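Below are two complexes that have subunit A in common, paired first with subunit B and then with subunit C.
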Partner chain A sequence: MARKLPRKDVVVVGLGWTGSILSYELAKQGLDVVAIERGPWRDTASDFPPGYGQDELRYGVRLDMFLRPEQETLTVRNKMSETALPVRKFAGFLPGNGVGGAGLHWNGQTWRFLPSDFNLRTHITERYGASKIPEDMTIQDWPVTYDELEPYYDRFEKLAGISGKAGNLNGKIQPGGNPFEGWRSSEYPTPPLKQNYGSALFAEAAKKMGYAPFPRPSGNISEGYTNPLGVTMGQCTYCGFCERFGCGNYSKSSPQVCVLPALMRLPNFAVQTESEVTRINLDNTGKKATGVTYVDTSGEEWEQPADLVLVCAFSLFNVRLLLLSGIGAPYDPQSGKGVVGRNYAYQTTSGVSVILKDKVLNNFIATGSGGMMIDEFNGDNFDHKDLDFIGGGYIGSGQTGARPITTRPVPKGTPRWGSQWKKATAETYNRAYNIGTHGSSYSYRDCYLDLDPTYKDRLGRPLMRMTFDFHDNEIKMSQFLTDKTAEIMKTLDPVELTASPRKGPWNSTIYQTTHNTGGTVMGNDPKDSVVNRYCQSWDVSNVFVPGGASVFPQNAGYNPTGTVGALAYWTADAIKNRYLKNPGPLV
Partner chain B sequence: MMKRSLLVSVVLSLSFAGAARAQEDPKGYDRVEKGRYLSVLGDCAGCHTAPGGKPFAGGLALDTPFGRLLAPNITPDPETGIGRMSDSDFVAALHEGRGHNGRRLYPAMPYPAYTKMSRDDVLALRSYFRTVQPVSNAVEPNQLPFPFNIRLSMAFWNWLNFTPGRFQPNPQKSDEWNRGAYLVEGPAHCGTCHTPKTALGGDKTSVALSGATLQGWFAPDITANNHKGIGAWTKEELVAYLKTGANKHTLASGPMAEAITNSTSQMSDEDLNAIAAYLKDSRPSDGSKPQALAAGDATMRAGAAIYKDACAACHKDNGSGETHLFPKLAGSAIVQSDDPATLAHVVLNGARAVGTAGAPTAPAMPGFDWRLSDAQIAAVLTYIRNSWGNAAPAVAASAVKSQRESSAH
Partner chain C sequence: MTDRLREVQLSRRSLLASTAALLVAGATSARARTLSGAMPWEKGTASPPVPVRPGPWQFFTADEAAAVEAIVDRLIPADDLGPGGKDAGCAVYLDRQLAGPYGRSEGLYMRPPFMNGTPGQGYQGADAPATRYRKGLAAIADYVKANFGGKVFRDLSPAEQDKVLTDIEKGTAKLKDVNGVSFFSLLLQTTQEGFFADPIYGGNRDMAGWKLVGFPGARYDFRDWVERYNEKYPLPPVSIMGRADWTVKD
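So, the complex of A and B:
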């Protein structure tokens, strides 16, 4: 029997980017807010100071900051005809664990989606006709437009101090920026990072071919910055320990660095760590949430009553929590009915690795989100009329690190160990690098999340089941992007060039990206969405899913965090300016 | 909610109605509020509230060079607090260092500073302490060894070190300066930490505010000395430091972090400006800038290598640090202080800056005790003290060693 706690105005499930932004915005309004976080408290000063934060074995290899499968896992399969098996070691994607969530261990690549990404189905249909969209592809328009979200992108970028160069200021194209981006109301809060040699070489080659390279928008910031909450960030040191690590230099944007110092000072905010929310409780009508139940590490159950429940966990676990709580109809791929778990999507990445002849690249001088990119082949920035796919991605040289345990490039045919391998490692380490493509992943009828019929977690609850595979459209797109990348890199006359376009089937044991999207999709119609345009549950109006990537109807050719942050602010405003004045369905 | 605003408006209207008599009415809102603010100026909570304890219920241990004292319970509890203390007893405690029944207090209670406070301010403080929640918490303040446990010994101490008497304004100076002088010398008792002490723990008044070592930290020179004091700071920077714990030069940590949290960050801007005006106008302490050690010196070369490896990522190659995040080492007064106690303390144990509403980040520096030897820490500190225009005596490994030993327990 759960022990009942005193009522709060708001309970927030998960204290990552969205949880901390919503907590701050609502606590500032005077509401009593409690956040419940499955993992531990994590703090820049005590958890990853620069004295030992750059420990590749502990964080990069042994994955110290990540979710353990014994805490929570899921089952996976490629096809509906297969039996899904549990992930017993996270590898293909790595969910975070603890305060800060994915916003702590990420690289910091902070993009906006293209305006045409938001009205995708309409846009493709208008430009190419409805037949361009494969029959089993379930892409749909977002219920918000780029123009509506622009001020919220801007707020998130200012919160996080993002470094970059605008390419489109209020409709006017700016030299040096991304000419394809949607209009921006202001320049980035901090100037672009310095580029390492490999990125400069890529940019030079791309420019010669007529493309417009630009610095990647970065949450590893180029100079000291104090954000609107009064919190200060420091200049990036280019140490090359971003993804999988915390930043002890206060240089990587994260909830810890950008929000928590201000949030934790608010007396009407509290956080309960190492406590997993097991379900959202509903009253007897099933239309109103009464709070949540959580279990602490000693196994004790607690009930936290609250007027408003904000589901701010990692995208996959948002979906599972709604499924376990019976909020919204579960998606059924056979009938196409139901919505929770529908339109799961991923990201289609690929790369071209090269070994250069006589260049010393010093790749260890690196940042998680530095690099030079081109956007000519993203979204619908290029004509797909004569191509047999839709979608696209950015291409670029982003050197995120050359950490000594895991960075061992050698030419093809080198033995895997011994003196030859050592010699090749020494010769190649400083001359090799990888150019990536970061492609969209559109949604399909047979890519979805539901509850597994067989496997249960330690509390006896069914695991979530993921059914996902790459489809032809994405495979063809990846081939196209990879070919374009190879074309550019060939001009550098490399000793060796290896192009690796993404091929099916999807393999969950090889790390690709942690950009899992969809499952609690936002939309204008309850028939094909779980939450409305304000990220509010259609079924239970005091439950919001404020902007986790689980609300994306499909995934664009960009990293999701910029859009996640924008939607968090968008939802916070909707709650503050609309919901609190008149609680109930906003649409 | 409704009830509360009703109550507030009743209180407000009462206080308006009583405004004319507020000065005389020791229970009036204005009087109690004035006393509350004086308790902030005096940082009473700093000693009389134990960590996690009820406000002013006592119990915080003060380790003095003479032994341990516990701050007493100053809530109005009649048995264990000061509920039965008369007004004149209260005044005697602050002005003369005499407690109940004339028992002599130990000067860990800064009565040598509080004696400067006006009788009116002391009585306002008294009014406030009548309104705090009474807490039953028996504290035996005196835990000193013989002979210091004999309170009468304080009569001798007072004869040597204590000059009772109210603050006397200087008619040559502005009102702001005089207010600052009153605060620094009286309620804010800055000299209690920042003024060097005699062998018996009395203030060396001739070198007031020129810095002193206590509890493993060096409370820096806060005179207008350009090199080791606050002489190079503008008035605005000094105000920013006291208000937020951070300015473009440095961030507060250690015991000053507590003083900022409990006291200076809650002072009015007028009072902070007054303090800054007074300190900026203070006579600079003695000691001109010494000759910096040569960069080619063996210790300097070793220190430079350690600095590059362990410090430069945050404090930068040129010692410029990062505003509001990593203190600037170039030109820093604390870096160039004669006594390197704070520097050794911070490098060994790390430090966390204070977080305030104005500067909430509260960044931290990790400890290096597990990674650097005494000689290495001495070398890197010597390098920092003699680079980028800094100049200060070399740090001895033995100084780091004794700091390491004293922070180990």
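So, the complex of A and C:
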């Protein structure tokens, strides 16, 4: 039997970006808020100090910061006809663990989606006709518009101190920024980062081809910055250890650096660490949540009653928690009915690697979100009329640090070991790099999440099962983007150029990206969405899923964190200004 | 601290246990804690890595160690570019890794049933790396004994050693009860890890791997060099432990 704790106004599941933003906003209103976090407390300067934070084996290879599959994993398969098997060791994507969640180990790439990403189905239909959309593709419009979200993007960027250069200030195109971005009400809070040589070479080459390169918006901060909550960040030192690592220099935006110092001071907020929420409890009508049950690391069960339940875990685990709690009808791919687990999407990335003559690139000098990008081929920024796909992505110099256990380019045909391997490794290391493409992943009828029939977690609950593969549309899109990238890089006259467009089948053992989206998607119709436009459950009105990437109806050609942050603020405002005044369905 | 209902154990070191560096009893031994009122901060709560100490083999038997030293010296041969795998400490690195949490697949999902899957579903075997090494090295020893007149790997000529390794890599040498291609990949990947990981783990001795490619290691501030294009970074590498020449000599 679970021991019952005193009631709280709000219980928050997971203390990453969305959990900490929502906790701060609601505790500041005077509500009694408790967050339940399954991993440990983590700080930055004490847990990942410069000195031993730069440890590739520990963090980059052995994945010390990440969720241990022993605690929770999932099963994967490409097709419904296959048997899903467990991810025994995370590799294809890497869920975070502990306070800060994925916001602690990310690279810092902080984009806004395009205005047309938000009304995708309508936009594509109006421009090209409904037949442009493949029959099994289940993309849909978001229930919010870019204009509605703009103030919330702005708030998140100011919270995180994002470095960058505006390309569109209130509708006026700005030199040096991204001319394709949606309008921005203000400039980035901090100026762009410095660019290393590889990025400068890419930008020069892209410019010569007539493109408009711009610095990638970055959660690695270019100068000292104090955010609206009064917490201060430090200047990035370009150490090259962002993704998979913690930043002890206060230079990488994270909940630890940007929110927790202010949140932890609020007397009506507490976080319960090392405690995993096992289900959301419902009353006997099934329409109202009474709180959550969680288990701590000694195996003891606790019941935390609360008036409001905010599901703020990583996207995949939001979906699993709703499935295990019986909130919303599970999606059935055969009938197309049901919604929880529907429209799971990923990201379609690819790369072009080059070896240059007589160049010294020093690519170990890097940041997770440095680099110069072009956006001519993202979303619907280019005419798809004569192309056999929809969607797109950005292209850019994406080197995030040439850490040598995992980054050792050699020319094609080099043996994997021995003297020749050693010589080639030494000669190529500092004159080779990779230009990446980061493309959209649209949703399909047969890509979804449900509960696995065979494999269980340590508590005896079914693991979640992922059924996913790349579809023709995405593979053609990736080929197109990769070809464009190769064209640009050819102008640098490389000794060797290798283009690697994304091809199927999707492989869970090769790291591609941690951008998992969908499964609890937001919409205007309960038939094709789990939550409404305020991220509120259609079925249980005191449960919100505030802004995790699980509410994305499909994934755009950008990294999700900027949009996740904007949705967190959007949801916080809906709860503060509307729900608290009149609890119940907001739509 | 405002926990109302339970005693809180502030055993933070065990909570932040590192799979890479510390032997821990596992997550289930740690107790949850409630935090509120301030950023919790206590001195000594971080978990720095524990340097590998020289000394006897912890995982390998003497015969296994001799074979592994010979193997890593073929995978990364000593030449005019620098030391080989043996002198760079790759065997020591492997020994300590296999004796530790990595060798036991600690923290991974190891529940049955174990079934063969597609390549995209990843390693689905029940054996952790330590067991795979033990079986793999035994199978190589048997193979060499049977094909080279009862010899052991370290007594073969370098050309013969390369032939054995190449045949295992390609799958043309059939190892008894072991998937040689898969074992060779594990062997190669972990040997190269040892050559390029921080020296604190026992390999990359004297930062040989980093010097080979020009990686500066745990140096962390490159603000003055970001925009110095096409100029080789001038400073030698630094380990998490610092550099030998930083140590004050008595």
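In this section, the second predicted complex is superposed on the first by the 587 of 587 C-alpha atoms of A that agree within 3 Å, B and C clash if a C-alpha of one lies under 4 Å from a C-alpha of the other, contacts with A are read in each partner's own complex, and residues count from 1 in each chain.
FYI, contacts are C-beta pairs under 8 Å (C-beta built on N, C-alpha and C of every residue); 3 or more make two chains touch, one makes a residue touch a chain.
Computed from a prediction, not measured in an experiment: that's the story for all the values here.
By the touch criterion stated above, A:234 is placed in contact with subunit B alone, subunit C being left untouched. For subunit A, the partner touching the most residues, choosing from subunit B and subunit C, is C. By the document's definition of touching, neither partner reaches A:464: not subunit B, not subunit C.
Using the contact criterion defined above for the overlaid structures, shared-chain residue A:277 touches neither subunit B nor subunit C, since it reaches no partner.
When the two structures are aligned on the shared chain, A:224 is found in touch with subunit B, with no touch to subunit C.
In the superposition on chain A, contact is made by A:265 with both subunit B and subunit C.
Of the two partner chains, subunit B and subunit C are each touched by A:50. Using the contact criterion defined above for the overlaid structures, shared-chain residue A:83 touches subunit C, although it does not reach subunit B. Legend: residue contacts after superposition of the two complexes on their common chain; A:506 is shown touching subunit C, with no touch to subunit B.
With both structures placed on the common chain, the touch criterion links A:124 to neither subunit B nor subunit C.
Subunit A residues in contact with subunit B (one complex) as well as with subunit C (other complex) are 46, 49-52, 235, 237, 239, 249, 261, 265. The part of subunit C that touches subunit A in the complex is made up of residues 2, 4-5, 12, 15-16, 18-21, 27-41, 45-49, 74-77, 79, 81, 102, 105-111, 113, 115, 117-124, 162, 165, 169, 188, 192-193, 196-198, 200-201, 209-210, 212-223, 225-227, 229-233, 240. Considering their complex, residues 44-46, 49-52, 224, 226, 229-235, 237, 239, 248-250, 261-262, 265 of subunit A touch subunit B. For subunit A in complex with subunit C, the touching residues are 3, 5-6, 40-43, 46-47, 49-58, 61-64, 68-71, 73, 76-78, 82-83, 85-89, 91, 194-197, 200, 235, 237-241, 249, 260-261, 264-265, 267, 269-275, 296-299, 359-360, 362, 364-365, 402-405, 408, 416-419, 422-423, 425-426, 429-430, 454-456, 505-509. Every residue of subunit B that touches subunit A in the complex is listed here, in rising order: 310, 313-314, 322-326, 350, 352, 355, 357-368, 371.
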